[in-house]
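What follows is a group of structures, each given as structure tokens.
Both complexes below contain chain A, partnered by chain B and then by chain C.
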Partner chain A sequence: MKIKYYKNLEQIYNSKFFCIVFFFLPILLMVIFMKNISYDEIADKHKAVDNKRNHILWAFISGGLVGFFGEVLIEVLCRYFSYSRNDASSIMIVFFIFCSSCFTALGFFDKLVEKCRCGLLIPITGFAHSMTSSALDYKKEGPIYGIGSNLFRLAGSVILYGIVSAWFFGMIRYLIGGIG
Partner chain B sequence: MYLINSFLFCGMICAIAQIILDNTKLTPGHITSIFVVIGAFLDSFSIYDFIIKKVGGGALLPITSFGHSLIHGALQKAESMGIIGIFMGMFDLTATGIVAAILFSFFFYILCKPKN
Partner chain C sequence: MTFYFQNVYLKDTATVGGPYEQKGPLSHYFDKTYSDLYFGEDSWEKAEIHLVKESIQILLNKLGLKDDDVDLVIGGDLLNQITATTYGTVGIGKSFAGIYGACSSSTLGIILASCLIEGGFIHNALCVVSSHNMSSEKQFRYPTEYGSLRPNSATFTSTGGACSFLSNQRDTVRVECATLGRIVDYNQNDANDMGRVMAPSVIDTLTRHFEETGRSVEDYDLILTGDLGKYGVEIVKDYMKTNYGIVLGKRYSDCGVMLYDLEHQVEVKAGGSGPACSALVTYSYIYSLLKKKRFKRVLLLATGALFSPILLFQKENIDSICHAVSLEVV
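Now for the complex of A and B:
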């Protein structure tokens, strides 16, 4: 997609200042935030603080591993099966959705989610996990009133707010005139 | 370089979400919705395109890329069709994810029984 003022923006993004603000400031903020938690609640909730820190660490490592394997899969598909990068990324997303629904149906994905909570709920695996788990939970109530009406029970909010916000921001962008 | 970047970026987003989850009363449903809105907002000024160019596959996996690809498809279609293109092209890029999720959940609904 060619955009009129994209080149000017790109110059800003390529500057070192932007990289520092965007990639290193959140990490710094995270460290400061964690320190604040530990100093504030060290008096009576010492164990809870440790749990929180462990949760953050588990989320970071598991989410990072999910992203890492996604990138590995894209590289393998590009290099050895000669897909283009766009096709490889959509195949990668389908593969991850298949894996998470399969693991949810087999039953051990819930334990993994309990262990590293946001690390698996924020990537696209969480989306597929919520759909498959609601499909299996309402299996008793039959094909129409069970799965048919409850499939999007948890994942529907993502689609609803995604579409509303994308329409809203898209209209703003269109009316300002940033489309070439 | 893509590998390290995607590890750091994906992990950072998950860690931020975990901090929000631990320190407020929001449920995971709230947080995924918030992250989708953030992704759509970032792409409305093509910041997320730049992140994908730098990070690679790690930026396509978090739920923020769902909002990004919604608005990206809409704007791509709006380029050729005008204002009605925002309605037409909304699902162009996310269709693979949604269709795959629906199909696989239906297949496993037929094949498997709930464990608990």
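Now for the complex of A and C:
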């Protein structure tokens, strides 16, 4: 039995199938894929470098400033105009939405956003900016097919997943703590 | 596939640029530049149509031809259904052919028109390409007023309309040979790094061109790629050197890098792109140098990323294509 086994192995070694599968095919695959891998390697060598530290710093400062002005506005409204804190924060949000939309329409807010990035995109200003810019772009196509159908092009997913997550976390809160 | 042409001549060209091109180093080579992106129209799409119309009018005026004297109008742009070309060329020429090769449309048009002229089917042809920064931003990326976050590798769609007039009448500059490229897929899918996406197509077409013609880099005074940007250029140089042993050296440049002043025009990031980018540079600056006989032979490789936002979201790769045309001084 043993002799037969070895003989078989030798036959396998000598067979064309073995040669192709274990010798030529890996080389062929290497030749085919090596080109690809080495392209990515070469391309990675010449990758553009983004100055992330700068962006983070700008986002931190601008986002902080937006928050600071918001808080100042709320304090002013509470102290000197005797609004409740809830009303004052709503007014603050409306004010920021107005500013962001107005600046977008005037044409310089996109340059500010490019500079500050997430500092202006994460607050409500980014949301208003995305809607106003869509509306501006599609106003020539008319109120229905242009503005109406494209207003939420960018903001649509924020609204959808905002509502879904609000419902989800609301349910969790209800299940754990009950109403109230 | 490489074709040789015997009697196809580049008779004249016309270029119209936008405000960003006006600030660029080649602005005084253009026939006309505007400082407003709307070009007197009221939407971005109409502005691009205006570019096509105006560049064709300038060219016909230069040559003293009427609208009907053109046998074939061939052109393309980036907009859906190549609307800028179709609307902009209404009433011009005896026949029209619309092409789409993304940013490689300029050389694709020249190759197809040259084949028809060489075959004796037509006497002359007008090749037109256009692109508008804002209309392509609107179609491919975000609304124009949206402050999108573009990394340093991103290229900037150039604004301009450019057309060339090919004829079988003898002139200084001749379309000498051309290599039609094929679609290349190197598993690239970063829409913000088009240089990296399109560099493989340049490598593929350039090596095939050298193989099929038996030429080398020394046979050309200048090898010019379409719109790779400054990072794509380095990739091509490095890859050609390491894998094929071809040193491109100083004879090689890129239209996207030449069109803008990359140091001072920071908003363009890695360089220009779009069908008009390669056409604006070759039809103005390169063509004037060829006419002055400063160059003997120039190889133009316009590159196109065949990129659809929908298929990119469906996790498909971005394919690219590159067509080469060799222009020679007679």
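In the analysis below, the second predicted complex is superposed on the first by the 126 of 180 C-alpha atoms of A that agree within 3 Å, B and C clash if a C-alpha of one lies under 4 Å from a C-alpha of the other, contacts with A are read in each partner's own complex, and residues count from 1 in each chain.
By definition in this document, a contact is a pair of C-beta atoms (placed from the backbone, for glycine too) under 8 Å apart; a residue touches a chain by one contact, two chains touch by 3 or more.
Quantities reported herein were computed from a predicted structural model and do not represent experimental measurements.
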item	value
Partner chain in contact with A:I93 - chain B first, chain C second, else both or neither	first
Of chain B and chain C, the chain that contacts the larger number of chain A residues	B
First (chain B), second (chain C), both or neither touched by A:W167	first
Chain B versus chain C as contact partner of A:D50, first or second or both or neither	second
Touching partner for A:F109 - first (chain B), second (chain C), both, neither	second
Partner chain in contact with A:L77 - chain B first, chain C second, else both or neither	neither
Chain C-contacting residues of chain A that also contact chain B	104-105, 107, 117, 121, 132, 136-137, 154
Residues on chain B engaged by chain A in the complex (per definition of touch)	2-3, 6-19, 21-23, 28-29, 31-33, 35-37, 40-41, 43-47, 50-51, 56-63, 65-67, 70-72, 74-76, 78-79, 83, 86-87, 90, 96-98, 100-102, 104-106, 108-109, 111-115
Interfacial residue positions of chain C with respect to chain A in the complex	42-43, 138, 142-153, 186-187, 193, 196, 199-200, 231, 234-235, 238-239, 242-243, 270
Contact footprint of chain B on chain A as seen in their complex	1, 3, 6, 9-10, 13, 22-23, 26-27, 30, 33, 37, 52, 55-56, 59-68, 70-75, 89-90, 92-94, 96-98, 101-102, 104-107, 117-119, 121-124, 126-128, 131-132, 135-137, 139, 147, 151, 154-155, 157-159, 161-163, 165-167, 169-174, 178-180
Residues of chain A touching chain C in the complex	35-36, 38-40, 42-43, 45-50, 104-105, 107, 109-114, 117, 120-121, 129-130, 132-134, 136-138, 140, 153-154
